[in-house]
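Alright, structures below, take your time with them.
Here subunit A shows up in two complexes: once beside subunit B, once beside subunit C.
Right, the complex of A and B next:
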């Protein structure tokens, strides 16, 4: 018999615009010791269905319309609060997505780890502490006895997720629900955490429900996989079988959207190999005061050729964003020189620009940011968002001209003209990123800096935006610096790739050469960490 | 932590110095003088009084003279109450005002935190609306209205409590404490509600729920500490405000506290008394703000880290 049997689960949410069905008619089973992967894009209902098993969805607005979830003879959806409390954290544990927010910042981690144990057993504090320290060591935290006394902010992201895992496992649960446990982590850390979860599961023979939007992660972790779309199960079965031969159109589309190829031939750089469009000479950027100096960018030199897409890859804190911000003068450099070539002879030193000249150069360099939810002004319509830079830089002669230019821009990025008077919140994530791209293009820049432009997007949307960027760069002969932590994405879009680590560029090469024959040990470890 | 404390202490010295200087010159710049009265004194008498209290000396000389005495802990004689020094009068009044303020803030904390928590646990229900509308009323109601109302109901109609005094008859401290504390209870209730609502929506509360902890444990152990940080930040200025604002309540209930002396001193142009009480109160405000900052650091370990970095 299965450990957990979910039958015909349907969940509604009451919103201002009426009732929305978040999950409808979802049925699955989990057996002892197996890993069930649930994969889907945002809004597919993958998290909601699992949260409902533990009674963690707020009700109202949530409402379980139908279904049963039998765990060891108990219906989790009908059980009273007292019964549920004895299951939550004892027999079924959870690991949440963001280890930065899922630990209480006001409490020592040790206290938080032993809490479920003290709640669910009669164990003494000393015994619980001993067990917790042993477990912390098992999940790879050295010097556990001292770390036990520390607060969450004294741990790095990966270490915190280890703490969260220890906390979930301390009561020796039969079922572990992991909701995007590695999404917020860097690739090398992600690989370690996935390995850890896999190892612990083998050792303790626990069942795991692994929720992720990342197909590669699911492919690696799950024995069986469920593919969800808009609250429905599209396909379920053996993981290998689903990835090798998906039967449903949606699954096929999802798998096809994973960037796993080299840059398409048609879009490759064909310009002048010796051009020096943008030159960075020995630049350094540091934060903090004299006593506590943190060098974000340490003596970096780099040349970008006219018309190429340069990928900039690195993990969080490597300095890639500081470097890109210095090019648009959002941060000042302490040392070095940034030059933008105007024409064959003239060169502009960006760091020395002031006033009007700075404004003119800003027009030539535009940025696209990671989060299309945060980077668009929520109180401006699409039309105004796109018209503002045109007016600001005097690129249109009159109202008619502005209107034409805005509508052309919208068409170029695949937005319908009738949406011009809508506000950002009325658009989906992918559409918003199209607006952000259009805004960057509005002033006809020569260089685009795209800082993780597809990281916040679902995989199918990500594929659309990537091909849009490739198309636009070619049509408009744009030069682009494409920053990402995602190696597969960079491989698909960049002509050359630079790898950054601890403020330095450790390797730069043609993308394919770099992916196939990495020379630097850090690049090698990054590539090895890919799932 | 110690460095942070010493740093704050050093920062407060110029603040207090500016307060002393500004007050010293402002009270002298105001029209009238300490010896103006309905019955005009003869010019000879005024001249001799001015001479005695050193008021005929040039302004800067008076100022440095005052600073010199102050450095030795001497606030000088009262200009109004002959034969009494300012220090004596503060000694007599301060403990009473302090006691009143302590009772008031305790009432405010207990009622405010409890009401705010009730409201935050079930937002947008009767459990939220009733305490919060009471709090709104509390904020809007000035103490010179609430005080007499309480006296009318509990002192005169019901005759449960004495209508005035301080320590003369049992229970006479209750009404003044409630009158003074109620406005602050209302503010604290609103701050607690806001802070708790924010904390209760955090991911780590969901983590705590997923551990199988009962609601009461989640609130007390996981939410309260973070949820009360806005209250703690408010506490320093609130106690200082209570001390400075106690004169209305002291006047209504005939309490011989510092607040009444303070107001009378202002009316009387009792220069030394005004200066003495102002300096004392500003020191208290600085000190209490510092204490509430320290408390905030103790509650939130992440703040300690950022302080060490600076």
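Right, the complex of A and C next:
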């Protein structure tokens, strides 16, 4: 007897462009004490199908067209609000993706944890508090009695997610739905949280539905796995079996898209090993005032060779973005020197450039940003976005020339010419990132800083963008600094890798040597945390 | 509409087109907004041509006639002094529209510049600039206008300026808030990295993105300015008889509303029609300037 049986679930959404089928004919079961993984790319319907179980999709525009979801004899899709309140938060709990937004910032953590308990049982406040403190300790929060009184902002991201987990578990639910619970967390924290969820599940024998876009996470966590695409279940079965021998083409493509290898031989760096194309000498960047100084980058030195891809890896707050922004002069350095080699003799000190000289150098160094939704002006067509740098730097002689150059650029990054007059919102995330890449390439730069360029993308799209970057770097002999928190991605694309922690570079080496023989303890812990 | 726009975009894909061309195309598709535009154009043209079109002089009295209801000679009737209402409405429209547009333009220019600079530079500059706005907000504006009028004497130009100088405050606040969020967006960083100057970034990347709320606010400002002018005239600080504006005509019409309703109805109609037209046009423009708006 399964704990939850979902049969023929179909959900439609009414939009301006007509009815969109978000979930169609989805059936699955969850047994007591097992972990079911649901994996899929954005828009695959993995979250919607689970949210509908708790009545959490907005209706309208949502509409459950068909299907049943039997949980302990009750059809969750037909149950009235009163019945649902008895189930939601008590027998079925949920963990959301972002621990920063899933806690109320104005309420003490302890109050939030005991709230569902007071709601669903007659327990006294003191008893609830005792239980909450015991649970906080169980999820790994030390000094729980004191932290009970604190506000969410006093906790780090990982600690907050522990609080969220404690909140979900306090009513001793039979089913836990975890929607991308570690996506917003750093790798080392992710590993801890995954371990915690696994442990708690074993100890309490609860069923877990684990939703993620990350195949590695699913592979590690789930007993059985469902692969979803565009609202349909493509494949389901034993996790091991699916990953070892996927039967469906889509699953095969998904698994093949996970970067899990060294950099392809054909794209490796073959240039001058002694090149000092970009040299950073003792860079320091600090924010805040004298009283409250935060050193984002602390005395970092680094050399980038002409034609190589240098990976820069680190967790959030390690200073990798500040460092990269200082090279493109989006932030100022307080100390040190950044030198760009012009030719055999001449070197340019980037940090001291002003006015025309700075503008001229901007042509040589370009940047690709993380979020393709925010990095394009929503009111400029692709054509104008790409034409702007060409006009600005006088790289095209007349309108005809601009047109040809823009269309060539679009072709180079794999965009169709007939899309030139479209606006960013008409494109998907991957296509937008292609536009952003084209914009960076428009001025024919020598150096490109790519700040997490694939982090916001789905895994199949990520694979496409990575190979595009590799191809473009080789064709145009570009030097690139590739920043990422994702170790697998960096291993696939970078010739050398630098690891940053707390504003310092703790280790730098050829990528393969670094991955196989890390010398620094922090690098070791990062690599060990990989799922 | 969406499909035809896509076709249109595909048709000319080899030429870059600006937001403005696209906006014009989209506006053309919005019938209500175009109707609003035509109404405004009609009023403006009539106002400009009034001296040649008006059937009577605006101060020509026919005391024997007195207040008479609409007739073949006087289409909209006459006022208590026997002056032709249509003529006075046309002359009044000249003043009202002029005050409305000119004062709003003054507030627009100052407000956008002030708000953009404060929001874009941020920090101490922002604090100082916005405190100045707060102080001006707190100033009783009537005293300010009376002072201006007393010192410089009464003139139409001064009236535009005085009203404009008050209305820009809210505009500056709206713009500043928008700019503050835009400035942190990655596309602005991307523009910096491309090498655009601050002025170019403000012009090409910031201002087009703040236009939406600004345009809506403009369509609210123009009518409120027209009413403000009526109020000032009522106090004896604005337009003086025998000159007139819609606001003056309406406040005059209110006094005799029970005996001679047409003296209130026609000026009221003219003002309301303008306001409706402005609102439709404003909504249309906001949608037209936002490529993401898919509504017709």
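One rule holds for everything that comes next: the second predicted complex is superposed on the first by the 531 of 531 C-alpha atoms of A that agree within 3 Å, B and C clash if a C-alpha of one lies under 4 Å from a C-alpha of the other, contacts with A are read in each partner's own complex, and residues count from 1 in each chain.
Simple rule for what comes next: contacts are C-beta pairs under 8 Å (C-beta built on N, C-alpha and C of every residue); 3 or more make two chains touch, one makes a residue touch a chain.
In this text the structure is predicted, and so the values were computed from the model without any measurement.
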{"item": "Touching partner for A:116 - first (subunit B), second (subunit C), both, neither", "value": "first"}
{"item": "Which of subunit B and subunit C A:421 touches, first, second, both or neither", "value": "second"}
{"item": "Between subunit B and subunit C, more extensive residue contact with subunit A", "value": "C"}
{"item": "Partner chain in contact with A:527 - subunit B first, subunit C second, else both or neither", "value": "neither"}
{"item": "Touching partner for A:74 - first (subunit B), second (subunit C), both, neither", "value": "neither"}
{"item": "Of subunit B, residues touching subunit A in the complex", "value": "202-204, 206-214, 217, 221-222, 225-226, 299-302, 305, 309"}
{"item": "In the complex, subunit C residues that touch subunit A", "value": "2, 9-10, 12-19, 22, 185-187, 189-197, 200, 204-205, 208-209, 289-292, 294-295"}
{"item": "Interfacial residue positions of subunit A with respect to subunit C in the complex", "value": "16-17, 328-330, 358-359, 362-363, 365-367, 369-371, 374-381, 383-384, 387-389, 392-393, 399, 402-403, 406-407, 417-423, 425, 436, 439, 443"}
{"item": "Touching residues (chain side subunit A, partner subunit B) in the complex", "value": "54, 56, 84-90, 93-94, 96, 98, 101-107, 115-116, 119-120, 151, 153-154, 164, 167, 292"}
